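As written, the chains take the letters A, B, C and D, and residue 1 is the first residue of each chain.
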Amino acid sequence: MTDVSPSELMVIVAARELKDKETILVGVGIPNLAANLAKKLQAPGLNMVYESGAVGSNPTRMPLSIGDPCLVTGAKSICSMYEQFAYYLQGGRIDVGFLGGAQIDKYGNINSTVIGAYKTPKVRLPGSGGACDIASNVKKIIVITPHEKRRFVEKVDFKSSPGFVDGKESWSKLGLQGGGPYAVITNLCTMKFDQQTGEMMVVALQPGVTIEQVQENTPWTLKVADKLESTPAPTEKEIATLRSLDPTKIYLG
Amino acid sequence: MMSDKMMTMKEAVSRYVKDGDSIYLAGFTHMIPFAAGHEIIRQKRKDLTLLRATPDIIYDQMIAAGCAKKLVFSYAGNPGVGSLRCFRRSLEKSIPKPIEIEEYTHFGLSGRLFAGATKMPFLPMRTNIGSDLPPENPLIRTIKSPYSDEVVSTVPPLNPDVAVVHVQRADVNGNSHIWGIIGEQKDAAFAAKKVIVSCEEIVDESVIRSDPNRTLIPDFVVHAVVHEPWCAHPSYTQGYYDRDNEFYMQWDDVTKEHDTTMKYMDEWVYGVEDRAQYMSKMPSSKILKLTPKTAYSTPVSYGSV
Amino acid sequence: MMSDKMMTMKEAVSRYVKDGDSIYLAGFTHMIPFAAGHEIIRQKRKDLTLLRATPDIIYDQMIAAGCAKKLVFSYAGNPGVGSLRCFRRSLEKSIPKPIEIEEYTHFGLSGRLFAGATKMPFLPMRTNIGSDLPPENPLIRTIKSPYSDEVVSTVPPLNPDVAVVHVQRADVNGNSHIWGIIGEQKDAAFAAKKVIVSCEEIVDESVIRSDPNRTLIPDFVVHAVVHEPWCAHPSYTQGYYDRDNEFYMQWDDVTKEHDTTMKYMDEWVYGVEDRAQYMSKMPSSKILKLTPKTAYSTPVSYGSV
Amino acid sequence: MTDVSPSELMVIVAARELKDKETILVGVGIPNLAANLAKKLQAPGLNMVYESGAVGSNPTRMPLSIGDPCLVTGAKSICSMYEQFAYYLQGGRIDVGFLGGAQIDKYGNINSTVIGAYKTPKVRLPGSGGACDIASNVKKIIVITPHEKRRFVEKVDFKSSPGFVDGKESWSKLGLQGGGPYAVITNLCTMKFDQQTGEMMVVALQPGVTIEQVQENTPWTLKVADKLESTPAPTEKEIATLRSLDPTKIYLG
């Protein structure tokens, strides 16, 4: 088997979660690669929508920003910022959104706002951007993140984007139309969420990884699915296709 | 081809941007009017409330230069790169001075501008609830729908004192054709009390009238028209010049310290008279690299009866 | 150039329009899909709730043909001419049968569709208050702003079962370029559960992609694509054929009585198979008269990097 | 003096009310002519906005409908229907709107909906369209109408567009941003509205008309301004310019 980097592995595993004809709200970098990989493989009819209002982009290079001009030339459609959020996101037109953040907790709440207190920040992060809007309105949230103790925390310092808050019951009370967190994909494992409690749960281990390794890198005692699976190793086709998407390894370094 | 709205950026800023104003330099990644920001810095405006979904490098510069009293925003990052260090320095260490913040989600802030542009009393929206943002921002409220028991979030309209909107082509009265990512260009123009349009090209009114669906901003909401080629660099203007991604990446280094930031500012902002001088300092290799090949739209016929 | 969405109007109506459905044939004066209305009449759909800001001649015909149970509207006149007589006969004399009505202002009805397209829980708006309409329509309500003591009107979202939207050019998957008066075309497509796009021309996807800002409807909200030239006559399609103002004026005479109306219907609706046959019955002089001279838009460059 | 028809007179008098640089919401027919006449004379910078979303139209023929293609080709700008009402009307961008109707009463309330009861109509009229939205949001409402007893009624059967309701006090309570009815221009006189009470009041008589004639054609006792003026007769320039706008007399018949 060709050696893959942790980033490559995560992109390949994430791409497998995408189904043909789904509509994906795509961010730059890793999520963009995952969506494009799925489109080249099992999901040729994937609809890609960008936060900047571009729909069905056909980029000729790797975009650095979701507002890159290469996402515009040759796109299918473009609308304004308010329209993008109103017609596509609030309109309930998006199946899958990718989110990331500095911290994520066991109910899938994500912090991309601040480390420390809001009014006296230790580290001030960029903030929600569209993340909270995505979390509130798409059917499935997928998080791709390196599995590190500082990222996985028992309770986030700030809920920029609500996950299941402190459990499914609290989530239901919010009355949001979104489906909430769906999967967290790391270099060590894939986690999904307990249907009843909304707690994060390891469902598959990446090739060669043990559940102990996962637990060691997570500060709370992780739930594990009754039937813990092994992620099938990346195929040569997946690897080759992915590498053709980012030949200069801007994101796969 | 003249009108009393045509003026230089220097005149436009001098006439329409006052100390203490709230200002919206529009553009979601695209067509960010850097030339206007630099002119505001040169004219030493202060106590400004800076409004933008994505403060981007332009507001990072204005914060470093001490123009800002407050920032109203939804994503204060360097897109694709990481932090905005001047913004962070102000919040984390009060360097050069502290600024207040008022924070929204993208939908919330673009919604505020839309509500301002269309004079809605408030905008109900499906977001915010469950996040920790509303407790920190008392302007994000909730309301019960008159049609169900649903409780949803609301934001109030936003009406900046001044908006600066860069566009591809405008006529001398400010009728503006815009394409590519259209972000909040139209909403900013309709929401603001005073509107400065800057453009890559001044075209005859007949060019505008050949494609009225492309005109997102009509002349009568515009107060000043500035012909300012390359206004948006290091941001971009679709069809005119590419985004200077290299600059966006370098900004992270440039702003490592307040001193290094101000060194940049001395050279590229305070050290030049206007955008024309800024561009003439630019290596020609950079300009050549950023100039795109053409890719024309297939025309449409409006028909003549 | 094929896709499984491509079909005839006959197939599209047969597959997507059911008895009892609420339907929105879009188009503010412009691009009203008469061919769809005629096909619905030929297929004898009944108990429909007809939704349109301006019922126009098309709904007058559907009311006369007995397709309608209810009409949701904001202006039931023959623009520039006067009454819609079939509409009036139904309301004033129950001929051929009575219909229910649900009435709004233009802002109210277009607002309902906008709210439906963007899934707003409700839309607050500055109108209706002081008029006698709200007492007659319990869906027009009021709400107090969370930001002041202001009380404003509200309307609920509108989500038709089916929308038919005529456009100038679309690709086989339904990506649609629209220009001229864009009315409620986009909102109808996003608000409806099923969307039929009909178009004057099927073009290659590359034509669509050459000007993405012109694409108001993206393929993935579209269920059926019908290539139907002259779909909109006697309404018009900007750049393709003129409004048949003569027909609009004659309609007043044609509909003097229910009988005279049905005589027209027998000849021009029931008496033809489809739009192609309808057009082939048309005198060539009329077609020549309605065909405009070209008036092309000045292209824009999107640039290629 | 050249003889003018009643329609021509009303258009000329209405046109005089329009000021340069004002933004006018224009309907077809008579109001369209008034706006275009003003633009050719004292108000070259008049901004004309149509309900159909067209702005700054440059029509090459008389439009039959406000959605006529001749209002689109060569216009300055076009937006969607919701946008037209939201950005321009509710946005408070319109100075003057023209309204008409089957009935108008002494507080400027207008009926374009129904004669008789709403649920059992004697004559069903087209309804509000944008009229109520215009009445609620523009700074000045101008009504141009033939002076007939069936049109001027003490109380309209149905308020499609609110005027001052039953007086200025009731109007204030509505909390609308519009300025309410401003002028009613007929073939007999020009009426404006009492600042205090909001009641219709004759301010000027058309050339050759007496106040008795006006009163005879109005079913309630009309208020008359302290200083009743005479409308200056149409000038040759006004007449010639107007006639050049509608050479085939579609609306001036």
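As a convention for this text, contacts are C-beta pairs under 8 Å (C-beta built on N, C-alpha and C of every residue); 3 or more make two chains touch, one makes a residue touch a chain.
Since we're looking at a predicted model, the values are computed, not measured.
Chemist: Can you tell me the least number of steps between chain A and chain D, where a step is a move to a chain it touches?
Modeler: The fewest touching-chain steps linking chain A to chain D number 2.
Chemist: Of the pairs B-D and C-D, which shows more C-beta pairs in contact?
Modeler: Comparing B-D with C-D, the pair joined by more C-beta contacts is C-D.
Chemist: In whole angstrom, what separates the CA-based centres of chain A and chain C?
Modeler: Using C-alpha averages as centres, the distance is 40 Å.
Chemist: Could you please state the distance in Å, as a whole number, between where the Cα atoms of chain A are centred and where those of chain B are centred?
Modeler: 29
Chemist: Residues of chain B that contact two or more other chains, please.
Modeler: Chain B, residues with two or more chain partners: 119-120, 125-126, 150, 152, 179-180, 182, 186, 210, 213, 238, 242, 292, 295, 302-305.
Chemist: Indicate the residues of chain A shared as contacts by at least two other chains.
Modeler: Chain A, residues with two or more chain partners: 54, 69, 72-74, 78, 86, 90, 177.
Chemist: Which pairs of chains touch one another in this structure?
Modeler: Touching chain pairs, listed by label, are A-B, A-C, B-C, B-D, C-D.
Chemist: In the complex formed with chain B, which residues of chain C make contact?
Modeler: Contact set of chain C toward chain B: 119-126, 139, 141-143, 145-148, 150, 152, 154, 156, 168, 177, 179-180, 182, 207, 210-211, 213-214, 238-242, 292-305.
Chemist: Please name which positions on chain D make contact with chain C in the complex.
Modeler: Going by the criterion above, the answer is residues 28-29, 51-54, 63-69, 72-74, 78-82, 85-86, 89-90, 113, 118-119, 121-133, 135-137, 158-162, 165, 171, 174-177.
Chemist: In their complex, what parts of chain D are in touch with chain B?
Modeler: The contact residues of chain D facing chain B are 21, 23, 47, 54-56, 58, 60-61, 69-70, 72-78, 86-87, 90-93, 177.
Chemist: Can you list the chain B residues touching chain A in their complex?
Modeler: Counting only chain B, the residues touching chain A are 28-30, 53-54, 73-77, 79-81, 83-84, 87-88, 91-92, 103-108, 110-111, 113-114, 125-133, 136, 150-152, 179-187, 236, 238, 242-243, 245, 248-249, 292, 295.
Chemist: Using the touch definition up top, name the residues of chain B that touch chain D in the complex.
Modeler: 117-120, 175, 186, 190, 205, 208-210, 212-213, 215-221, 302-305
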